[in-house]
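Next up, some structures in structure tokens.
One chain, chain A, appears in both complexes that follow, with chain B as partner in the first and chain C in the second.
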Partner chain A sequence: MNGDPRDGRIVIVGASLAGLRAAETLRDEGFAGSLTLIGDEAQPPYDRPPLSKQVLLGRVSAGDTGLPRRRPVDAHWRLGVRATGLDPLGKRVLLADGTEEPYDRLLIATGTRARPWPNPEEAALEGVFTLRTSGDAAGLAARLDAGPRRVLVIGAGFTGSEIASGCIERGLAVTVAERGPAPLVGALGGTLGALAAKLQRAHGVDLRCGVTVTALEGDRAGRLIGARFSDGTRIDADVAVVALGAVRNTEWVAESGIAAGPRGVTCDAGCRAFDMYGIVTDDVFAAGDVARFPHPLFEYQLLSLEHWGNAVAQAEVAAHNMVNPGPRRRPHLTVPAFWSSQFGLNIKSVGVPTFSDQVVIAQGSLKELRLVAVYGYRGRVTAAVSVNQAKSLEYYQRLIETAAPFPPAPGAADQGESPAPVPSDVPDPKVLSHGPTVALTGHLPDRRLTLVQPGR
Partner chain B sequence: MNVVVDLNRCQGYAQCAFLAPEVFAMHGEEALLYHPVVPDGQQERVLRAVAACPVQAILVGEEAGTGER
Partner chain C sequence: MAADPETLIERITDYASRPDPYPLYAELREHGVARQQNGSYLVGTYHEITALLHDPRISSDRRNRTEPDEAGDEEQGIPPSFIGLDDPEHHRLRSLAMRSFGPPHNPGRIDALHGEITRIVQDLLAQLRTRDRIDLVDEFAYPLPVTVICRLLGVPTEDEPTFRGWSDTIVSGLDPARGADPTERQRAAADARRAMGIYLGELAASRRGNPGADMLSAFATDPGPDHGGFNQIEIMTTAVLLLIAGHETTVNLITNGMLTLLRHPEALERLRDEPALMPRAVEELLRYEPPVQMLPQRTPLADIEINGVTVPRGAPLILVLASGSRDPRRFPEPDRFDPGREDNQHLGFGGGVHSCFGAPLARLETQAALTALIQHLDAPRLVEDPPPYRRSPVLRGPRHLLIDHDRAGG
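Now for the complex of A and B:
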């Protein structure tokens, strides 16, 4: 950098939601230098949440989820080429086509990819899918159009549950296999996990919890015909969707000396990446699903969030800090938030429900399928989840931001069916099929909240 | 013209679904589904929906990454 942070060369690796919003923010903040976006997918930035909803329902085609821009970014787009390496000393990104891109400042926004089925031969069977890209969604939607006899969904996290919901809505027979005790339990704990299980079964899902899929079976032509489970049972299925969570795309910087691994790229509250010695860099930044950052509301534990809203908010902070001198930089303090719609319900979350020891139904009830569950940790509010009650959530966000006492005071809770807090029953993620979408990867002396398997 | 809805912000007021029903539709009581690519002839309605959204959750714009270098 030659003095003026608004000049020079900025390279953004990752051309999805976080990369796009960062590029726009850089220009908004007056960055007048050269800007390059590198993306391994060939198409321009698109929105992923619709892929497991509108697209699977057949209402929107997979190629039609392009993101609107906020402003022109005057960038050099290098799409369809993967970054393969980083030379932090020579300040250049190495690309799969043998070329390189020099930078003064770099933003790592490479996100995640779907965790593949561990057996490559079974994963290659016709009818076995993962769902992360628009190409994945196009293939799966076409297969669902053809009317499979039964769809097997492996893993009942949010993505798996949304896929199951879409299939049920299309009138398809669905089996869901989850190693944990209930769907969504890894993100929302025992109370709402039990509700999700009941809901899936009421909608006709053949839900099998506490089991793993031990084998996917193919015929001689290489087409999926069925699956075997750890309890000795088997089903016929001609489509299987592997929804085992995500793998962070950090391999390309693994040898660079940046603090990157299966848990993400570790950065400070200002999105500056650490090197492997824990020394913060000042020219490499990280944002979005791939970033792992300390959050003051959660005892400065390092958080990795696979959330749409985090990708936007963190990209804005990273971009601001890339073009502003130290005293003008901002911390990324946004309260984590996400949504899911499935089986006719709208589920929204603020805070970190897994950062909890207790939960209370503060409004509504499980029976009427309209409620707000509030989560607490050691006597303060740390999260809230609404089911068909989104308008109440903002109130609880304020309680989280101010570390308000848990259980919430009178006036913050109506007469719910369960006025007394109960244990939140957040399981150790190692018992789940799907990875956690919120990974608390720091250290808590009394609990182990995540186990991240090395990427494949 | 494309749209994206910040569904963290959306609270299900459904103004968009009334104003541009070919683009926005409620799914169940509170969830919203929408067409990211605005069909021809719907632009005016979508702009009205953007303006009417009580929580300003809808972003509309040219499709990103196209028509640039």
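Now for the complex of A and C:
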């Protein structure tokens, strides 16, 4: 880059949370050059967490989750047009409408999309949904308003569980099909997965674990009428929500030489993207759900985080680094954190629960539905998850940041009834049917295996 | 001569320090954690205080002290309210009280008080404007929150002289210094708590037949969640806590606030021109001149290490919030009052599971009070600076604040 880093031309591909916050940070940091935001959705940046919560309950309309603006960004907005390619040598982004946008520095913040149902004919049946965009949420909410006889939720990760919770709250009959042994296992491991299973059943969910959906059935008019499962059973259902995790939007850079693939765009701690040879670029940055970055608290494993807070924090670091010279640049070190609300519970997590070999109920109890589960890996604290006890998490965040010994020191006033660590039972990412919200995209810590992508 | 850090608590609680304890807090921060001659430990740095506020091994129940004091002796009075209990009991009682005060069961409760607070403020102001010299404490900052908390709880305002006496006695029992006769003082405080509890408990019981929209009615009649509602003793302890907290703290926030604005005329002018800045200015007041200076009743349940100092299980641990909020390692230019300050995560309302129950109400009252005062008092000026202070080093604020102003129409 020549000249003043606060001048020139910056293009941000992806006009959602990370893209917007990066744009605002660039202007905050004094970037005075030209700024362009490209987004494939037509509407201005909006918030996604409410889509599977308040919007499905009918409390907020899908069109009303626009993100609050921190400041004017004075940007050229190109909304409703998809980026289709990247020419890193000519420094331009190619767009679906045949135009292109030249850049001096580029931020990739294209996020993820919902993983589609693998059978396109079944996916096209009326009544089959995914939930990622505001349009998805509007369609599903309208369908739930119409009072379907039974909703099938395929996949019991956070999104699937929140959808099931919303349906139960609306008084609808729900079946949840989960390939793993329990809901949320992919993100939280066995102990809290078992709790989630118990809770879903107590709320009246027809929860079926260890099964997959083998077929979605339609009538002659192309409407969903039911589903068949791998255990040979079948149900009637007129709505199905496919909640099998997310696919990272990296295809558009696949041929560009940037280190991008199904696990995201690999970048360094300063959000600079690597190229396919592992050489760091200095003009292409990545942030948000699409980024895959090394985290020093987790042995520099590459992490992909589908977290609201990470999108904001990483966008701020990327933007800062885009307009500052080397010695002034900052690493992205934020401790991962996310929350979920479902079945009357507030669930909050800090750290990386899947980066663990043991878990202990450090405070509260499963019985009271108010607890803190602390996760450890090889004798140090790596994560904590609270259920209806979010105010306690700050303490554990500090333990994670300081690599404190696991199990945590005893003495909590509301110490759990059985403070003995048990195996955390986090699954091997290879067998997940849907992505957890934190993906260790390197190797599992205690297994030292690497995943090879054949044919690439 | 360098002063002995082991005497910091004596010097902080010395009444002579009341107008300006901040240099002592700066000295405390130099020492990180300061063990006192009386065996207690003082912490005054921001990051250590926030860590301790969230540490589940730090008890708020004084009965966990190695040398329990009179305030923890149940034979002397009634059991602790939720501010002096730990989870899960603290959580159960606080959640029960919250059912009639805030979300999720009553999310609109405080916002709905906005109109009433504005009316009370206007009534009080109308009287102030008829005289050149006012005492802001007695004529405004005290009656406002007392009227509000009485309406909210359902306590007759006429009974104020009765419970004001109890309240003064209870607050003096919080004083962490081992003064002339702490035993006597704490026994008196326990007696006052019991008397006030009986009074409020009887009021609540009288509502069972014909409940109103007030919180005492809710306490008496709400069947609660699965584990049930309050019992009679719990109604007493909770009502005592809310009545005292509701009228011993906001009075200081409003008075400290006006005092600070009168000491910073440029800030006062700015707020007159930009009323939308008031919520942020109130946060800055909570940082700069907080009504609750310290939390004197914490106790570790295990030996814990803070900044290389081991605080033994059972030792009195005092978190000096007002010192943490002036920590230069957290706040740039901490001793400057900046009503537009950003990133202001002050300790004015504490933090962790015990973070201030009434914070939304205190914010609303103070914002309304200061906005009205600076809009309607013409050329206000301090009569004496510093003003005379109340005794308490914990709930710190002026006893009187005399202000001269140009009378309306005069």
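By definition in this document, the second predicted complex is superposed on the first by the 435 of 456 C-alpha atoms of A that agree within 3 Å, B and C clash if a C-alpha of one lies under 4 Å from a C-alpha of the other, contacts with A are read in each partner's own complex, and residues count from 1 in each chain.
The definition used in the following text is that a contact is a pair of C-beta atoms (placed from the backbone, for glycine too) under 8 Å apart; a residue touches a chain by one contact, two chains touch by 3 or more.
Nothing here was measured: the structure is a model prediction, and the numbers come from that model.
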| query | A:Gln363 contacts which: chain B (first), chain C (second), both, neither? | reply | second
Tell me the contact category for A:Pro410 with respect to chain B and chain C: first, second, both or neither. second
### Message
With both complexes overlaid on chain A, does A:Val265 touch chain B (first), chain C (second), both or neither?
### Response
neither
Comparing chain B and chain C in the superposed model, the one touching more of chain A is B
Inset, instruction - Would you sort A:Leu51 into first (chain B), second (chain C), both or neither based on which partner it touches? - result: neither
- Item | Touching partner for A:Ala83 - first (chain B), second (chain C), both, neither | neither
### Message
For A:Tyr395 in the superposed arrangement: first (chain B), second (chain C), both or neither?
### Response
second
- In the superposed arrangement, which partner chain does A:Ala75 touch: chain B (first), chain C (second), both, or neither? first
After superposition on chain A, the chain A residues reached by both chain B and chain C are 389, 391
Listed in rising order, the residues of chain A that touch chain B in the complex are 15, 20, 37, 44-47, 49-50, 53-54, 57, 59-60, 64-77, 79, 308-309, 312, 337-339, 341, 344-346, 348, 388-391
Counting only contacts in the complex, chain A reaches chain C at residues 362-364, 368, 370, 372, 389, 391-392, 394-395, 398, 409-415
Per the touch rule, the chain C residues reaching chain A in their complex are 50-51, 54-57, 59, 61, 86-88, 91, 300-302, 304, 313, 352-353, 355
The chain B residues in contact with chain A across the complex are 1-4, 6-8, 10-12, 27-31, 33-37, 59-66, 68-69
